[in-house]
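Got a structure for you, questions after.
Note that the chains take the letters A, B, C and D in the order they are written out, and that residue 1 is the start of every chain.
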């Protein structure tokens, strides 16, 4: 059948099947933007504001913590996280606009919409403010650098491989996502479809349902999927850190642990009960604390002139050297798989 | 038979006791306070930029004032913004409409969505709150269904003039808003249309028995509400260079907050455009001023909530004392 | 009849009350004895309602005292007054439109069953008993009040007051919306209550009623006490003189006007279920009275003619031209004006100023390109206030703050500002004082003289008979009889209203 | 001229019970009809498990709608209930995690709900600020305050005994049991207590209520306090259903709750409606959401269909009522 619901229309680049390392992408020319007439703050204290998609969820709490950790490690960065309470691009633009007026030295962002956020970021660049993105990109020329937690195709591969392993190659599964308009989720779903078509052609996608960033709605939707498909349903993908634990709870309540696999993106704390009860085998996520940490180092390096267009790597404190990919992106690393053995080591 | 006991001149002048005037005084005091804390707040640049950012809400707040004065409400405005934005993008990209035509089409869809609200409210007599709660889901759903949740991007450069450009140093859309404020203000205060709105809000039956065209007037205001939402959508798409189906989500509460803060009675019969403008400016500048003073977004929301309650409280108790 | 020796049940001394801009009461004293009906009389805005609202605990007096059984009381809230045995029927009907008749009657003191729960069955039974005690058989305890006519609602109010077993019963114009038959029944109840020793305060603008039912009368003028009389020792002329400060000679000053061509010709109007095949004609300069019982469909007919509930079938001609009247706008455009019966709900926008109320139906003529000429509007309203003698501190006063009668004058005035060809008046003088009533009647004659066709609905038979050139009688949605002035006697018209065993032949 | 005979007129009889019952009957019919219709497309929809899950997962909305109905019947409205439930859930969860006795973790949010709502009611009643302004402001305060205080940290590691929603009452899952009992008690109270009737009176005509010895101000405070109570109870179901409490306010919950109340026949003008209607409407709305998944509607179109179905229900009810009214009108 046609496309999976919830994916986007952009071109996909599924990775190779199997465990082989990803082929290094061809080097690209720097395609980011540059601030105009930025004050030379090299080595001086800078004030940085972090405007995530929204505040008040576990994931961006973790990135914010990483940013504070990095600020402490670096010493001459004053960072603060502020943003909308709902993932609304409109609100996010207003926040960034206000911080441009209030005169910060740098802006970190995770975009609610890659294109809609561009004008205000360009405005920031034009006022000499350094702009670095993480988690969710903008159009490249609207920021200097973007810290990529893990390429979309990499996440997609991890997720689909995990699902195929748990349900068998010919299992049927459904997807619980936030909304079809959330860019990252839409990208992942599209990449997952491309990768599944290439490497697990017999996996059977049933449907995708929307559940906002709402715990109870996610739970209800997952329950509905279980009731609707009965034995046919072998797995559920949770595309957000809200949907995954809620899906796991739905599976648990339905007494389907072991029969319906839950694979998804999630933060460890919310998943511990299900991982410990063996209802969920593996949780896919990069470490968002590291993501925030890296973004802050990239910001500092950009201000100090230590990361210039054409550079191939950047120093990120305790994370070591991170590579530049796709022209103006910095790669955090491969996604992390949390399982019963290691999940208790994380607290976020 | 004595007719006029005395002219009412001895009392405090009426305009001074008005909610709007008192609110304006509170607003000026708050702004002065915030301005004293922060030298970037009361600058022409910042204020004009805030004007740009509040335009979409402002555009919708004007007809919403009309609607609330008649004792109605329109909760579907945010959804109409989404639907119109989608129609703009979809007709341009998929139908291949030239952009000016696509803009007209988006406005027409907004107007039509509002018209449907008004039509069902007056003909089937569905209470406005119920009708627009239902169309809130319906229109948002149509936006999602038509667009299949895909965004539309890459509009031609000239289109961004509306949302990002300026004219004589003033943001384009702010000029548009100011013109419409004046028109709406005059229409409400000086015309039979405006008087009809007040009459409907105070006593709809009596308005009908006075041979005022109650139903047509209501259809007109809900249509205007849809049109304004469509216009807001065009401005918004131009400002943020992209069309998304979730645009305008939650606008209804922001708009209503501005209108009721401005002294328009939710029970109908009372309210002014001038009050709505003050309410609008108050919320926008309070948010902005607090942000510039270093207050974080979550705390700002709290302050806005307190301000909404307190300013209404102060204004109404002062008003009561003076009367 | 009066029990002079006993202590008054209720006595007020030196009451003062001011509202912003108005001195509503200045030094009014007044008392009611057991088994006595004491009437309050005064022009519209004289302060009668204010006085009784103070006695009922709705308003607090600025000065003066209230004594019950000779003991000074302070009523901070209506409950206090009720506990002291005072029950009140207010001039503005205060009902809960969404609740049933029974619940409206017993709200606040519903019969309880075990555990304090409301005993619905007992409540319905009691309500039915009350209805029966008033011989009301066209009203059921479980009807929703919102669907009732004004007359029925008024009865519910009366029942509510009666349900309290009060020792002092105050009625503020209870008969304003009642037909003669209902008034007769109400009086029977009042007499019964008198026998039980209840003291009754009675406000009415209908002088003849007072002579039937009242023992004493106190007259107020402009908030001040003018005098008190035993009804037996006074006459209408004296009372009017006391009230208005001048003499009014003729209560129904019918002046014959030349009758011209038909203005309104209606054929076979049908609007189910209340208007059934009605045909009528009203000519220029003619006053046609429309009589009928409450609920006979007169107001409905008026609303069909005015386009509020357009006719489903039938034909309307104005000045000989067939017209389609499917909305009030069309009716107004055709030169029809309708002064509705329920001024609170249909006539007046209480929250608007007198000024804006006056102009509401005439906005089209007062505006250019939709813009209101505010100077002209003010001139019009001020002229109207003068012409109709509306008692208000200024045209900017809220209409809802005026006394009931003055509100009615505004409703009337606003339609006359339109210079209509056909004027439909629905209970035009309900709740209006004698002075103003005479003026309205004079005005009607004046308008008729100018060639306006007038259709007047009234439940006051003397008014119908006194003012009409022709009388139509309506029953159950049909016109059942027609009389010319010479043949319209109260017996004949009354019989036609009731509908006897032998159906009335329509006189051509 | 005494004892003039009055012709007996036919009376349209509309008993209060039948009048309201038919409102609820329509909703009940819609709930059952929809279930059967969807059952034709996909019989699994009619499985006991699925029907129970629909009730289970949405009981908190129905419970919150009870209080909301009362508020709306009294002539007011509340926009803050979603934010309040978010705050109460966080308070409850934090207490449980901090080691407070389970009973305390359950009772404190209910008490707090009553206090917050009563305070809002008092501002509405005594300071005469329209409810929409007060509750809109309070929504902001609660929403922002919650994030400020918690930083949005999720509450995990909830103790086992905390999960009230996992318990059963006589074999009925607790959320459903609470929903049914709360609805029944509220319905009886609204019908048979003087205070319950005072709500209708206040919403129908506050001035008349005052003259009938009802204290409209006190009634409004009471109604808000009760609404807070039901919001507290709803919180218990909402917060104990999952292993995680999101320290944010459930998005759009207030609108869902208001929708349930008005679709349930509560007039926004006050004075009319029943809590049973609201509960049935909440169930209907939940059922629609689930049904749309079952009948394989493209998820892109589900929202518009949900809106359309709600509208259809409302219009059907209004048309039915109108028809009834015109049949009842006769002379």
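To be clear about the criterion, a contact is a pair of C-beta atoms (placed from the backbone, for glycine too) under 8 Å apart; a residue touches a chain by one contact, two chains touch by 3 or more.
Fair warning: this is a prediction, and the values are worked out from it, not measured in the lab.
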Those chains which touch chain C and also touch chain B: D
Centroid comparison with chain B (C-alpha atoms), farthest chain: C
Between A-B and B-D, the pair joined by more C-beta contacts: B-D
Averaged-CA centre spacing for the pair chain C and chain A, given as whole angstrom: 73
Distance between chain centroids, defined by C-alpha means - chain B, chain D (Å): 29
Separation of chain A from chain B, taking each centre as the mean of its C-alpha atoms, in whole Å: 36
Where chain C and chain D are represented by their mean Cα positions, the distance between them in whole Å: 42
Chain D, residues touching no fewer than two other chains: 143-144, 147, 267, 298, 300, 302
Sequence positions of chain C contacting 2 or more other chains: none
Of all residues in chain B, the ones touching two or more other chains: 144, 148-149, 296-298, 301
Interchain contacts (touch definition) - all pairs: A-B, A-D, B-C, B-D, C-D
Parts of chain A lying in touch with chain D, wherever the complex brings them together: 5-6, 55-58, 60-61, 85-86, 180, 207-210, 212-216, 219-221, 223-225, 227-228, 230, 242, 245-246, 249, 254, 267, 269-270, 272-274
Interfacial residue positions of chain D with respect to chain C in the complex: 1-9, 11-16, 19, 191-194, 197, 200-201, 204-205, 207-214, 267, 271-272, 325, 328-331
Complex contact set, residues of chain D against chain A: 42, 44-45, 47, 49-50, 53, 57-58, 60, 143-144, 146-147, 150-154, 156-157, 238, 241-248, 250-252, 286, 289-290, 293-294, 296, 298-300, 302
In the complex with chain A, residue positions of chain B that touch it: 38, 40, 45-46, 49, 53, 144, 148-151, 153, 160, 164, 236, 239-242, 244-250, 287-288, 291-292, 294, 296-298, 301
Sites on chain D touched by chain B in the complex: 79, 123, 127-130, 132-134, 136-145, 147-148, 255, 258-259, 262-263, 267-269, 298, 300-308, 310-311, 314-315, 318-319, 322
